[in-house]
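Here subunit A shows up in two complexes: once beside subunit B, once beside subunit C.
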Partner chain A sequence: MSYILNRILSMLLTLFLISAITFAVTNILPGDVAMMIMGTQSNPEALEGLRRSLGLNDPLLVQYWRWISGMLTGDWGTSLVFKEPIGPLILQKMTASAMIVVFSMTIALTCAVPLGVWAAMHPNKWQDTTASSAALLGVSLPDFFWGIMLILLFARWLGWLPSSGFVDPREDFLLAARHALLPSLALGLGLMAHLTRMTRATMTGILNQEFIRVARAKGLGERTVVWNYGLANAVGPVMTVAGLQVGYLFGSIIVIESLFNYTGMGWLTYQALLNRDIPLIQASVFVIAGVVMLANLIVDLLYVLVDPRIRLS
Partner chain B sequence: MPDGSPLVSIDNLRVEFRGEDGPIVGVEDVSFSIKPGETVCVVGESGSGKSVTSLSLMRLVEFGGGRIAGGKLEFARDSGVLDVADADPEIMQQIRGNEIGMIFQEPMTSLNPVFTVERQMTDGLRLHRGLSQSKARARALELLKQVRIPEPERRLKQYPHELSGGMRQRVVIAMAMACEPRLLIADEPTTALDVTIQAEILALIDRLKRETGMAVLFITHDMAVVAQMADRVVVMFRGNLVEEGPVEQIFTNPQQDYTKALLAAVPRLGEMRGKPAPEPMRLVGQSPVEADLKPARKPEPLLEVQNLTTRYPVKGGVFRRPVANVHAVEDVSFTINKGETLALVGESGCGKSSCGRSILRLTEPTSGKVLLDRTDIIAMNDRDLRRRGWRDMQMVFQDPFASLNPYMRLKDQVAEPLMNYGLASGSELKDRIATLFDHVELPRSFMTRFPHELSGGQRQRIAIARALAVNPKLIVADEAVSALDVSVQAQVLNLMMELQSEFGISFLFISHDMAVVERVSHRVGVMYLGRLVETGSRAQVFENPQHSYTRSLMSAVPVADPTRKTIRDDLNFRPIPSPVFPLGHEPGPSEYTEVAPGHLVLKDNKT
Partner chain C sequence: MKLPAAFRSSKGLIGAVLVLMILLVAIIAPLVIPPDMATQMDMRARLSPPTLAHPLGTDQLGRDLMYRVLLGAHTSIYIATAAVLMSIVIGLPLGLISGYVGKTTDNILMRLVDTLLAFPALLLALTISAVLGPNLQNTIIAIGIAFTPFLARIIRGEALRVAQMPYVEAARTAGNSDTRLIVRHILPNIMPAVIVQSTISLAFAILAEAGLSFLGLGTQPPDASWGLMIQASRDYLDRAPWTALVPGAAVALTVLGLNMFGDALRDALDPRARKGAT
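Let's look at the complex of A and B:
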């Protein structure tokens, strides 16, 4: 119980630090909200008037308090570019991105775990070399390269899947999934490479442990020894790395969503940065950080289920 | 199977491992047999091929990159004799865990950490016997009772980390016994355990053998364990069988030089009875080491430890604040005279290492005084401690692989203390290093080598040379010979005694091994739960032990003499309680009864 409490408290503390850093950094950037609204050529007096009415001349701490209390009470302000309330905007784009994040994680895990275990079962044999080289290839090439290759293959040559665009899953789930599939694959390949390497390393360590030898000495078949005795010990570490990769995914979707013209969170953040939409930048960074931390919190909580040693401490 | 025919007969076994430059031979040519109901001990030092032999019998050697390259491994099954060396993998799976059970060295890692004890105990039964989960569970419970685990019902639901090392090894044994195997292979099953738990586990294996009539193949490096357990002994050296015979014959009338050397290197508890001072061991094939270690007529104290107490905080909660204290060292006082050795002996967790580290202030003690040559070490600031304190006190650690920097040449590692203290430079430095290599009996050609080019014993000599470099008055040797093979251990012990007689160095010798302690020490302190429970001269403590813990420790030590069996089934040692106490807990001071001049025994209500 103290373990869970510990995790939640440390997450709240991190979130607070992130909010403060985000707020401070966006305030150091040249240009302010008033100038964004009225344009660089505007009358200095009118600009000053707007600044005063927006409270931009207040001390930074007061501004921060106003912003963070707004964030926590659901008043997220209005986007300068989209002229829409930020809350519903982010919710909609987050749903779109969540779809490709979940898809790509599913694709990556279902391929990486068996591949990594298979490589670990045959250390330094052709199976291992194949899996390791494939993983190295996946890690070395950037995501957008896979994106371009996938567009060429599945959209241009085979014509099976749409090359770009976003469809709201509430309108047509199947069509939405078809649109999400290629960006998910592009993200999933890089992710899979990381997770394969991780699974291989973890399983290699586990398979050299004494309890694996004991399991073999009991007469258990190799399949039970590896997939049951071994893998049960690898679930925790692999899950932890997968959780950390959620953060990496949110970095990658900025490029991938732009490439596929998929209007999700990455695309939104990119637009906000491009147009110096400061309230939207602040809210997006805060939300993304929150989601990444939530994913890791879920991993930490699941860890309690897969590793009995954590339950007591 | 007709009477008298062997259960296992190994003929000209040869095992090879894949190496970068062709195969490496693990076992060259080994033949011996095991009769039903007998215990055969295979004994040898590291690299002798004893474990490889036992793994070959289970055909587990191939999972470690090995290959049975020749010979026969005949195992008598109900259906006839099977050559394990070329049996099908499916048949081997039927044999493993069913007809042959195996237990390994590390009880801490032998059990799968994420499965319950029940699951690990029952899967073999369900596989080999086709039992239902509830029947398998009943059998598991019966087995846990047979190996005498307290509260067996509760244990089934527990995970391995909730059990102590001794209990885990009992579970592993119960697991191996599950299908009533006709052969039990025990590969160093007690090496990682404390001596009292070792005694209980050895007794357990011996009892199970008598009750079930199974044969036991017992792999060990410890001649004392061999003497206690074996009916017959196989001595191995570098992949070959050196000698084989009944245990009495091996111990009383060994034929081969290697066996004789091995036996000579083993310190035997009780053999120092009546001797006034530590004595170097007489090693076969080496000229005897001369060392006069008689205590001075007017002993001068060098190190005075007074009321030393060291506690570590246990941190917990959200803010990682101390929530309890580990009372590692609790009101310990002793004196080491110039040119003498005091040994601290006890089981793991008794605080002997913490005590050594506290004296050097590698761990800051909570309270107490440490005087070295009447200089107060505790009162020194960091600068004085580095400049003066550590110049007079040096340490040699247990693991010679971890205590040397793998990226530095040996001469540079030995030179480091000399340079740190500005004691020598240029050609003088070179000469000093060369002399130090001579002192620890390493060839000067080793000076430019790196640690990985040396054996464990050679590395420990380097660690000693490094400690000697600054001419310390005191060397703290923390389990300094525990990781070494017996013959190497004997040489390093002799070296330490020789250096002591030559330079008059004092040693604080920290060890768990009673027989080694008896050999090297002038005075002995027995530690238990952070306290010194008994202290006195070697003769007082070993020949007239007074404290109940000292006595039980002594009774648990296996003796390297097959005619003196110390393994008894009625052993029931008290498990060591936890040294963790709530914050603010102040146990009383250590109070002693002086039973003879210098022989102090802790008054028992304090432990």
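Let's look at the complex of A and C:
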């Protein structure tokens, strides 16, 4: 219990640091929020008045305090580009992205784990070479290149799936899933390659250990040895890497959602960055870093459930 | 340190050859190709498939893709190398001090590094680039900063491991100063890890540069960049798929070469990983 409490306390501290870093990075921005709201042609006195009313002349610490207390109490400000309150905007885009994040993680895990285990079962044979080479190629190509190739193949040539756009799953789940499929595949392929490499490396290490030899010597079938004894020990490390990849996914969705015009969190962040919409940049970056941290915390806690050694120590 | 061992596996050898070839192209291309070759527009041969006159075809403005991809190698390699060097310059002392001094210093520094790791590297790089204004120099700074926490974390772990070894203890008892201990005894022993991580970081930096440029927040036209070329190809995919395939293949070959060499290097330098790990 104290382990979990410890983790949550340290998470709160990290969250505070994340907010401080986000605020610091976006505040060295040379842009002027007041000028962005009123336009470059506005008169200097009106600009000064707006700056004063927005509190832009206050010391940074005061501004930070106002921002973070707003974030904590649910007042996230208004986006300069979308002219909408940021809180509901982010919530809506986050739900859209959740769909492709879950899809791509599912695609990646269901393919990567068997592939990695298969490669590890036949070290240095053709099975290993094939899986490892495919995975190596997978990690060497940018996600957006996969995306372009998928558009070319499935949307332009075969015409099976739409090449861009987002549909709300609450309106038409099937159509929404069809729109989410190509972006999820584009994200999932790179992820799958990473996880295959990781599973193979972990499993190879495990299959060389004493207890596996003992299991084999006891006369257990290869399938039982690999899946029940081997994989059970690989679940923790693979899960940790999958959790760490949530961060990688949230970096990649910025590129992929922009490519597929899928209006989720990545697309929103990109629009904010392109238009220097400072309040929206701050909130988006803070939320993404927060979600990534939360994902890692969940994985850590699950690890405790999966691996009794940690629970007992 | 057994560096030549990295070349003994076929993976390492292929990787090294690929990396060497691309490095040569990156260095030689701008010296022998006149810069206007990459911007010269041949309006009669727009989106031309590979021909004798244009061996890799042309783009939507009739610019020769071979020259553009060759000059793009310079931009990509230059940005990636400078960014990784920057992350080493910041990350090495950070990790060394954290791992060697330990205690409160280590706690504070690593708390900071862990926080930075919560930001997806690409998001951090994009934000920094957007904040500073996208251009070549700021792309380097953005990627360099985004990669620093990874390197610092790995170096800290290695420094911690090496600092506890008996020979370091012996050197300390012999009256060596902290600085001398770090520079003469710890640093040389963590260099293998730094070299391996730098090679892998280079591969990621190439991908990051391509991603940033693809989104318009990295290298800016008229500089030739692989990410920019892929971005420009998007509207002509049906008619001219080679406009995406040529720069895509360039990125893939470079990153593949670096990853293969990095893998082989790790296997050769780290005996613990030699057994089995990819």
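Side notes on the structure shown:
In this section, the second predicted complex is superposed on the first by the 312 of 313 C-alpha atoms of A that agree within 3 Å, B and C clash if a C-alpha of one lies under 4 Å from a C-alpha of the other, contacts with A are read in each partner's own complex, and residues count from 1 in each chain.
Going forward, a residue touches a chain if its C-beta (ideal position, glycine included) is under 8 Å from a C-beta of that chain, and two chains touch if they have at least 3 such contacts.
What you are looking at is a predicted structure, and each value in this text was computed from that prediction instead of being measured.
Touch criterion not met for A:91: it reaches neither subunit B nor subunit C. After overlaying the two complexes on the shared chain, residue contacts for A:298 are found with neither subunit B nor subunit C. When the shared chain is aligned, subunit B comes close enough to touch A:221, but subunit C does not.
When the two complexes are overlaid on their common chain A, residue A:209 makes contact with subunit B while staying clear of subunit C. By the touch criterion defined above, A:289 lies against subunit C but remains apart from subunit B after alignment on the C-alpha atoms of chain A. In the overlay built on the shared chain, the residue A:9 is in contact with subunit B alone; subunit C does not reach it. Between subunit B and subunit C, C touches the greater number of residues of subunit A. By the touch criterion defined above, A:309 lies against subunit B but remains apart from subunit C after alignment on the C-alpha atoms of chain A. Within the superposed three-chain model, A:156 lies in touch with subunit C and out of touch with subunit B [touch as defined at top].
Interface of subunit A with subunit B (complex): residues 2, 5-6, 9-10, 209-211, 213-221, 224, 229, 232-233, 306-309, 312. Subunit C makes touch with subunit A in their complex at residues 111-112, 114-123, 126-128, 130-131, 133, 203, 207, 210-211, 214-217, 227, 230, 233-234, 237-238, 241, 244, 248, 251-252, 255-256, 259-260, 263, 275-278.
Touching subunit A in their complex are the following residues of subunit B: 58, 60, 63, 93-98, 101-102, 104-106, 109-115, 123-124, 127-128, 159, 161-162, 172, 175-176, 316-318.
Partner subunit C is touched in their complex by these residues of subunit A: 13-14, 17-18, 21, 25-26, 28-30, 120, 123, 132, 135-137, 139-145, 148-149, 151-152, 156, 197, 200-201, 204-205, 208, 247-252, 254-255, 258-259, 269-270, 273-274, 276, 281, 285, 288-290, 292-293, 296.
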